[in-house]
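First subunit A sits with subunit B, and in the next complex the same chain sits with subunit C.
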Partner chain A sequence: MADPQLVEKIMENYKKNLPKKIFDELKEKLISLNASEDQLNKIIEEVYREYLNSLIEPGEAVGTVAAQSVGEPGTQMTLRTFHYAGVREFNVTLGLPRLIEIVDARRTPSTPTMIIRLDEEHKYSLEKAKEVASKIERITIENIAKSIEYDMINSSFIIEIDEEIAHDKGIDLEYVAKVLGRLKVGNVEIEGNKIIVHCETTSIDKIKRLREKILDLRLKGVKGIKRVLVQKEGDEYVIYTDGSNLAGVLQIKGIDPYKVYTNNIFEIAEVLGIEAARAAIIREAYQVLDQQGLDVDIRHVMLIADLMTMTGRIRQIGRHGVSGEKSSVLARAAFEVTVKHLLEAAAHGEEDALEGVTENVIVGQSIPLGTGIIELLMHFPRRGG
Partner chain B sequence: MAVEQEKIIGPSRLTRFERARIISARALQISMGAPPLIMMAKSSPLEIAEEELKAGVLPITIRRRLPDGRYQDIPLKWLIKKEVQK
Partner chain C sequence: MSKFDIFKHELVPKAVVLSKEEVEELRRLYGIRKEQLPWIRRSDPMCRALGAKPGDVIKIIRKSPVAGEAIAYRYVVPW
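For the complex of A and B:
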């Protein structure tokens, strides 16, 4: 066992220069090692040198390599995908469709889901977990009504409430009546297990619309969350949801706000910021590849996520994002609808700085990549100097 | 090897691109009749260029640029010294 303080002291200099993960791992290993100060120094030096040697060299075509490294495994995915894994009664989009969804930066995923962990107070008891879950699940009149009818004679809606279900969801008739009252369609009365809503209109069209509105009236829960499921995981209870609303769920008491998960990247960007969204893109994309058993280095995925989020908002990879917003006219023209891009650029008097690879290929210069990016100067030493 | 010696933009050794570029540029000069800077038995320009680089006699400076336009002129010697040390 080496002295932790000694290790700390020796490694002090390297703290700035090594990534945290490597630094911590090295520190841990060194402490568990039985080595002298001299040996420790040598080990650290060797690790640092090895680290420097493993860095990517300037001029390397990292973007092309990343594209290929994600694209090639993607072709293998197409053959065995388009099926959804039935995860705990919910369907979650996986495989290629999900990967496309991520890089296309769709505003909402086709199957939004959340995994909500609970705070200390609520996570160990099923009762309390269900209590929180009931606050999250969106309940509409439709969910608790046995039937809804329109009484032509009295021009009123008669909503028959299933009291058993309503009770189970923790809703009483008075509450339903109160919420209906807020709609301001007319007087609301309670008669046994029926709620009668008077309305003045007689137009069939309006009645139809009103019926929809009443059925869809949110009694409680978070907007956008359709179903919830309480699952036991280890010794704690976790809530799975169908539908996602990060901002809404974060306001619910009893959840652990630090551990809420959603697969909606745009919500993450909105609520937690672009860095969180970047991390989410990396996690989601890598997870898809990993689940398919494809061994893609995470740094390729990280580069893609960086590219998508570098402007401060999420851009898709493609026409309306990274490729379509390139600053170079020639690069855009080379991507799609060449003539249109060139004509527009000419009309606007755009200039092209010829900084990228594509532009230089087009004009026939050496490209700024690899050996082409190196600038050499030759200086002739003066005679006798 | 101390953590920071001179502050150099980029790696403190010759990258493989720089290496290839230097050797090719020098080999072209030699093939067009430039006098070699070292005495050696080999005859092909490419081999002479390689030996010259190894011997560290080439009066070449690399201009390394940052994306923001700043640059640093790095004499070949700085990078080769490190390489030999390794």
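For the complex of A and C:
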């Protein structure tokens, strides 16, 4: 056993130069080692040298390597494309379609879902978890109505409510009537299990639209959350949802607001900021690759996420994002829609400084990568010294 | 519910606004202009929580699965 204080003292200088993880691990190992101060010093030096050797060299084509490292496993995924794996009853897009969704920065994923963890009070009891879940699930009139009819003679809608379902969801008729009243279409009456909404208009078009509006009227829950599912995970209950609305769910009491997760990256960017979105992109993309059993180094995914969030908003990898915003005309033209870019550049009299890789490949010069990234300037000695 | 603090969320890393001197030091260390750093918008929830103004540089202390802890910087842009 080496003296912890001695190890601490020797390692002091390396604290800034070594990553925290390596530093901590090294420290722990050194303390458990039975070594002299001299030996300790040598070990640390050796570790530091190895660390420096493992760093990426300036000029290394990290982007190309990342593209290859994600792209090649992607070709293996294509065969298993459009497979859905359910969280019991839900379908969640996985595999290549989901990966494309992420790098294309689609505003809404094809299957938005949320994972909502509960606070201390609610997470250990199924009853209480269900109580929270019912506050989140969006319930419309359509969900609790048996039928909806339009009475031509009295020009009114007759909505028959399924009282059993309504009771199950914790909604009574008075409440439904109150919400309908807020629509401001006319008087609302309750008759047994029927609700009658009088409306003034007689135009068929308007009535049709009104019918849709009534059916889609939100009685309770969070906008956009279509279904919820309470599942047990370990000793706590977790809510899974179909549909996503981060800002809305954060308002609900009984959840743990600091652990809410959604697979809608744009919502995360809006509510939690671009850094959280970066973390979410990494998490989502890596998860897809991992689920498919593909062992891709997370650093490649991190690079992609960094590039996508560089400008403070989420950009897609492609024509409308990263590639389309390159400063070089030739590089843009080489990617997609060649003619459009060349024509526009000609019309605007654009210049190309030939600073990137693609442009230089096109004109046949050495590319600014690896050793080519170094630019040499001659130093002319002044007269007399 | 008490006010929602985004920094407590598991996806949001810790962040601080750098002082003028620190920005200068950072600039000299990397030999770059501060606009060459990645950007963050003034309207970003993180910027609003920190009260950062355009022209500021934010230091972000991310939790990284590879390095344990990784430091990144973002330059606040005015849109």
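By our rule, the second predicted complex is superposed on the first by the 345 of 385 C-alpha atoms of A that agree within 3 Å, B and C clash if a C-alpha of one lies under 4 Å from a C-alpha of the other, contacts with A are read in each partner's own complex, and residues count from 1 in each chain.
Quick note on the criterion: contacts are C-beta pairs under 8 Å (C-beta built on N, C-alpha and C of every residue); 3 or more make two chains touch, one makes a residue touch a chain.
This one's a predicted model, so the numbers in the text were calculated from it and none came from an experiment.
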item: Partner chain(s) touched by A:Lys253 [first = subunit B, second = subunit C, both, neither]; value: second
item: Which of subunit B and subunit C A:Tyr14 touches, first, second, both or neither; value: first
item: Which partner, subunit B or subunit C, touches more subunit A residues; value: C
item: Which of subunit B and subunit C A:Thr371 touches, first, second, both or neither; value: first
item: Contacts of A:Thr338 with subunit B and subunit C, given as first, second, both or neither; value: neither
item: Subunit B versus subunit C as contact partner of A:Ile268, first or second or both or neither; value: second
item: Which superposed partner A:Gln76 touches (first subunit B, second subunit C, both, neither); value: neither
item: Touched partner set for A:Leu52, first subunit B, second subunit C, both or neither; value: first
item: Shared subunit A contacts, counted only where both subunit B and subunit C touch the same residue; value: none
item: Touch list for subunit C against partner subunit A, complex; value: 1, 4, 6, 8-13, 15, 38-41, 44-47, 60, 62, 64-70, 74, 77
item: Subunit A to subunit B touching residues, read off their complex; value: 13-14, 16-17, 45, 48-49, 52, 55, 57-59, 370-371, 373-381
item: Subunit C contact footprint on subunit A (complex, rising order); value: 19-24, 250-251, 253, 257-261, 268, 270-276, 279-280, 283, 298-299, 302, 306, 309-313
item: Sites on subunit B touched by subunit A in the complex; value: 1-4, 10-13, 15-18, 20-22, 24-25, 59-65, 73, 86
